[in-house]
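Both complexes shown next keep chain A, but they swap its partner, so chain B is in the first and chain C is in the second.
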Partner chain A sequence: MRPPRVIVVLDRHDDTAFTQCALAAHRIGAGIMTIHPSPGRLGTAHLARDLLVALGKDAEQVTDASGIKAEEPAWRAGAAWTIAYRIRTVAVLRAHLLRQEHWERLLAFQYTAGVHLLLFCHSQDVPLEVNRTLAGAPHTITDDLAHVIELLRPAPSEPGPDEDEPAPPAVPASFPIVPRTAVTRFRADAWRRLSTGEYEAVDVQYRYGLQAGCAWLARHPEYQDATPDEPVLAPELLPRYLSPRESAQAHAYASDTYGITPSRSVITALLCVGRERPARGRYPRYPYAWRDEAGLQVFLSALVADCPSPEASCARVRGAQAGLLLHGMLLAVPRDLRTAKGPGLTGAALTEPVCSRIGEHLPNPVTAAALAITLAAGVPLADLGVLRIASVGAHAEAVRANGAFAIPPAARPLLIAARTFRRLNGAREEGRLLVGPRGAEGLVPATLEEDARACGLSVPEQTPYSENPFPPPLAAWHLKARCWFVADPLHGPRQPDPDLGRVA
Partner chain B sequence: MNPREISENDGADACLVEAALHLTGLCDRFELAEMLGWSLTRLERALGHLGTRLDGSAVCLVRLGREVRLAVREGAAPPDTLACLTQRGQMRTELTAAEAARVLDLIRERLTDPHASPRADTAADDDVELLERGVLVPDAMTEAAGPSLAAHPDVYFALGLCPMPVAAAVPHRPDPPSLPSAGDPWARSADGRHVAIPLDDQGAG
Partner chain C sequence: MSLPNDDHYLKLKGACIVGTEAFEETQDTLADVLEVQAMMCVFGDAGLGKTLSVVSSLRNLAPENSFRVQYRSRPTTLDIRNELHALLGIGAPPPRHPIHFDALLKRALSETFRVFVCDEAQWLTREAFEYWRFLWDDVRTEMAVVFVGGGNCYDVLNNEPMLSSRVYAWQEYRMLTSSQVLKAIPDFHPVWKEADKDDIHWVDDNAAHGNFRRWAKITRHVCQGLERNGETEVTRKLLQWVFSRIAGRAK
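Here is the complex of A and B:
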């Protein structure tokens, strides 16, 4: 990656092609942003507001109450959002009309945000006023339109931490009410009780949960440590004198030949049964507890994070329970899952449009993150205990505090912006993540509910913020979930067939 | 303290102990008193008050030695209805670790050695309850060799190990209203798949 640079673009003949090129390049999602400085020789706080507007923030919301109207917080918020949105290139139009202090601010912003800064001067030369400022900063000057077009070309996007995972299936707006029975008969009850279309809608979510459960376990070190890689192939199907390779070939033949018959899924399972976990010292082999509770909590909350329907969330969780059972793991969740609180049930699906709305209406990164976290967790913010900057994972894929929960990809920039904003404010890693304009009390409960309404959303009923050092009881369903190794796996380490057990 | 105050306090205590029994199920009285921060005398007084208050309701207080629990009063509903409701309630019960181990072992045995004779030494304590809950069923495949158990076909379907569930796995249903087929309420519907039954156990809760 190229190091961040400052480039002065000289549009000597005020050619509209330069401006059009900058305007056309503006695309936050592609990492390129174009700022239109307000006309008139205003203060640098106004330029910071122009930066926030270019970032997609509602200018009307940059008020005293937002806590970022003043010059310093406004620039920090701008830098934090720029970093969070992974913006690589920032173009500033009409830079020749800006004063020296504006240029100084822009250069400081460029350094903080680590962006390429293109300053468009629609003039014959760089303004004399800013020469001294530029002299202290490495920069280049160009008047070549083709070069500018090249500079404003989007860079190939870097994959996120979990972008290689299959996308969850869409949930229809009118999702049926699912059975309230336990995993052992949930799917069969759905099949018996729902219409064909309703059952199919439920089963899509169920199978997604099953596969997600298998996939999560298959790559988890704790599971890999406990489970041998090589399955012992079902001996009774084939002559015992066959070598393992010959057995595998025979099974592959059987699977290929009879793949469309009802025995397909049984054959798939037979290929894997027989893998036995070794005994664990003097303890009986089973059951023993799954140790990575935080990982389990993140997995479960991620599983349902995008679910707009609690019924669909229940279907996915039941599917995940089935997937884990195939691996000899019991996943126990609260019995009355549907009426429980927590991710996928009482929060909101943090989809791209919802997160865009939050980012637009709440320009203060901390406020936006507080709302996103509350919606992701589905419980009052106060129940999460004190969230620290270090509570947010490296890519904001999860928050670990009083229990852990996943943050959907669309909401991660909101948390990254908050973390960056707090760091730019001088906070340390053990410092609070969510500190409002009037301290921690400034965030909950009243303002949070108000902020949600401003975004057209609603949050779970909030409880007063407490300084109690002892965290409140765990309220969210996924924090009560527990997992045990209970038997040798019925299933192999590889991904299950997507059509496994699908009703034809 | 005047008698009126004592009565009001007992009423509040009875409410609290009722809530506690709802939440904990079967509970040791000493443990319950400790949980509530009460003396045993106070707990006994509250239990007595609660027992009196529940007279005439469908629920009663049952004492089993040191333990106490709330239960449905005998005769509160016809036996068939009660059995059906109990079974419905049990269907929501999650597997315990020991139960899950038993079920998976049976599935594994069936997959690896489907025609093996039942082994008497493998019966588990939980089998009766698993049978009642419909998680296990008598094994038809090994019937000739002796009584044994297998996981219910619904469990196989849940795990994707068989492509279809059984059509009627809810044997008791005393009053099936407005079902498509009057003769056999659990028969398949016109699309040949399944019947749509009212989701009476699927409301909020």
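Here is the complex of A and C:
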């Protein structure tokens, strides 16, 4: 990757082609942004707001949002969003009309954000006033339109941390009410009680959960460490005292019922033989507990993070339970999942449009992240101040504090912007992630509700902190989930079968 | 309709729009300008019918979407913002911050295609041109701009490099020649319909000088004189009386 550069574009005849080329290249998603500064003799603070507007922030909020009204925070917010959106190239139109202090600010921004900066001068020469400023910064000058077009070409996008995972299925607006039964009966009850169309809608989500459960477990080191490479096949593992006829019956029963080659543990369970698992490493016998609770919490919350319907969330969770069970894992979740609180059940699905709205209406990165975290957690987080900068994962894929929860891909830039903004404000890794305009107390539930309303959203019902007997995050369903190894896997742990769970 | 229907100088009753060559050229060029959403500049001395031609052409071409922008001399960016805010009928009060104001205007200008006629463009400052260019350049806005100006309008606009690459068409208005006057004036107002050609030529030669605005002023005085005297025909005596009123001198 090329190091960030400063390029002065001389549009000597003020040809509209240069301007149109820069404006047409503006695509935040492709990493290219064009700033079109407001005309008039405006100060550098206005240029920072032009930057925020170019980043897609609401113009009214940019001038009124608390925490970034002053010039310095506005520039830092601009840099933070630029980094969070992975913008690589920034073009500034009509730069020849900007004064020396504007150029100094832009060069400082270029250094902070690590972007290529194209300064368009629609004039014969670089303004004399800024020559001294430019002398201190390595730069090149071009007046070649073809070269400018090349510079504004989007770079190939770098894949995100989990872009190779299958996209979750869309959830229909009118999703049926799913059975309130446990995993063992869920799918059968859905088949019995729902119409064909409704069942199919539910089953799409169920199978997605099943696949996701298999995939997550298959690549988890704890699982790989605890299981043999291949499933143990039944024939040679059937209890020795069974007659050949009984063995054949047991095998046929398992095959017909489950459509799989049964493992020893299933056979023994079906025949109520109750054999102990042979000692293997540190795990002598079934059942024993899954240790990576935080990982499990992140998986479960990620599974339903984009679900706009709690009913669909329930279907996915039941599917995940089934998927894990195929691997000999028993996942226990709160009994009445539908009335529980937490990700996918309460709050809002952090989809691309929802996150765009948050980013647009809340230009202060801290405010945007506070709302996104509250919605992702799905429970009141009265104590948002407990979150540290280090609580956010490297790619903002999860937040780990008093329990962990996933951040959907669309919401990650919001958290990355907040983290960068706080770092640019001089905060250390152990420093607070979310500090409101008046300190941590600025992030009160009332403010969050107001912010959510500005974005056309609503936050989970807030409970006053003093009246809440438990630390707030513990209320979320996925933090109560527990998992045990209970049996050998019924199929290979490495690669989940793409057709697994599909009804013929 | 967004354009006021008082095109003629002194709101002269009975006056008709005459299809001169310049008028027809304006109409044709404007049709092209609107099609490509471009900028156009119409320039020439005062009173030659530039604004009237542009406005009446737009009344045919884009009756609902045309707006005439008139400024006091040397308008600032804020003047233009406020004028556009009023013209576009944006319900909300004008925002205090320029950036918010600009975003609001751009949003309104991206809703539907509009044509703006900037009259007296020779008074526009570089800052004002910058502002029009700022709005027009935006990829979301849908607008055409027609700069109309007298005197040194051409020099002012031609000195702005930003306009030279953006103005799609230039049109200069010149005073009518004698033959054009003889062809156009009888159609301009009923009082000249039956007038002697020598009289028309005499008026143009001595007072109107191929200028529609002067012709409008003279016509209004003629109408008043006819009404006052209870006459129906334009006579040389009446014209001499008119000349005395407008301080023209008969040869």
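Everything below uses one rule, namely that the second predicted complex is superposed on the first by the 426 of 504 C-alpha atoms of A that agree within 3 Å, B and C clash if a C-alpha of one lies under 4 Å from a C-alpha of the other, contacts with A are read in each partner's own complex, and residues count from 1 in each chain.
Following the convention adopted for this analysis, contacts are C-beta pairs under 8 Å (C-beta built on N, C-alpha and C of every residue); 3 or more make two chains touch, one makes a residue touch a chain.
Everything numeric here is computed off the predicted structure, so don't read it as measured data.
In the superposition on chain A, contact of A:452 is made with neither chain B nor chain C. In the superposition on chain A, A:10 contacts neither chain B nor chain C.
Considering which of chain B and chain C touches more of chain A, the answer is B. In the superposition on chain A, no contact is made by A:121 with either chain B or chain C. In the superposed model, A:113 makes contact with neither chain B nor chain C. Of the two partner chains placed around the shared chain by superposition, chain C is the only one that A:24 touches, whereas chain B remains out of contact. Applying the stated contact rule after C-alpha superposition, one finds that A:304 touches neither chain B nor chain C.
Judged by the touch definition given at the top, the superposed model places A:60 against chain C, while chain B stays out of reach. Against chain C, in their complex, chain A makes its touches with residues 13-17, 19-20, 23-24, 26, 36, 38-40, 42, 46, 49-50, 53, 59-60, 62-63, 93-94, 97, 122. On chain B, the positions that touch chain A within their shared complex are 91-95, 97-98, 100-101, 103-105, 107-108, 111-113, 134-135, 152-155, 157-170, 191, 193-197, 199, 201-202, 204-205.
Those residues of chain A that touch chain B in the complex are listed here as 177-189, 191-196, 199, 207, 210, 234-236, 262, 265-266, 269-270, 273-274, 286-287, 318, 322, 325-326, 328, 330, 332-333, 335-336, 338-339, 484, 486-488, 490, 496, 500-504.
Interface residues of chain C facing chain A in the complex, by the touch rule stated above, are 76-78, 95-100, 102-104, 127, 130-131, 134, 137-139, 161-162, 164-166.
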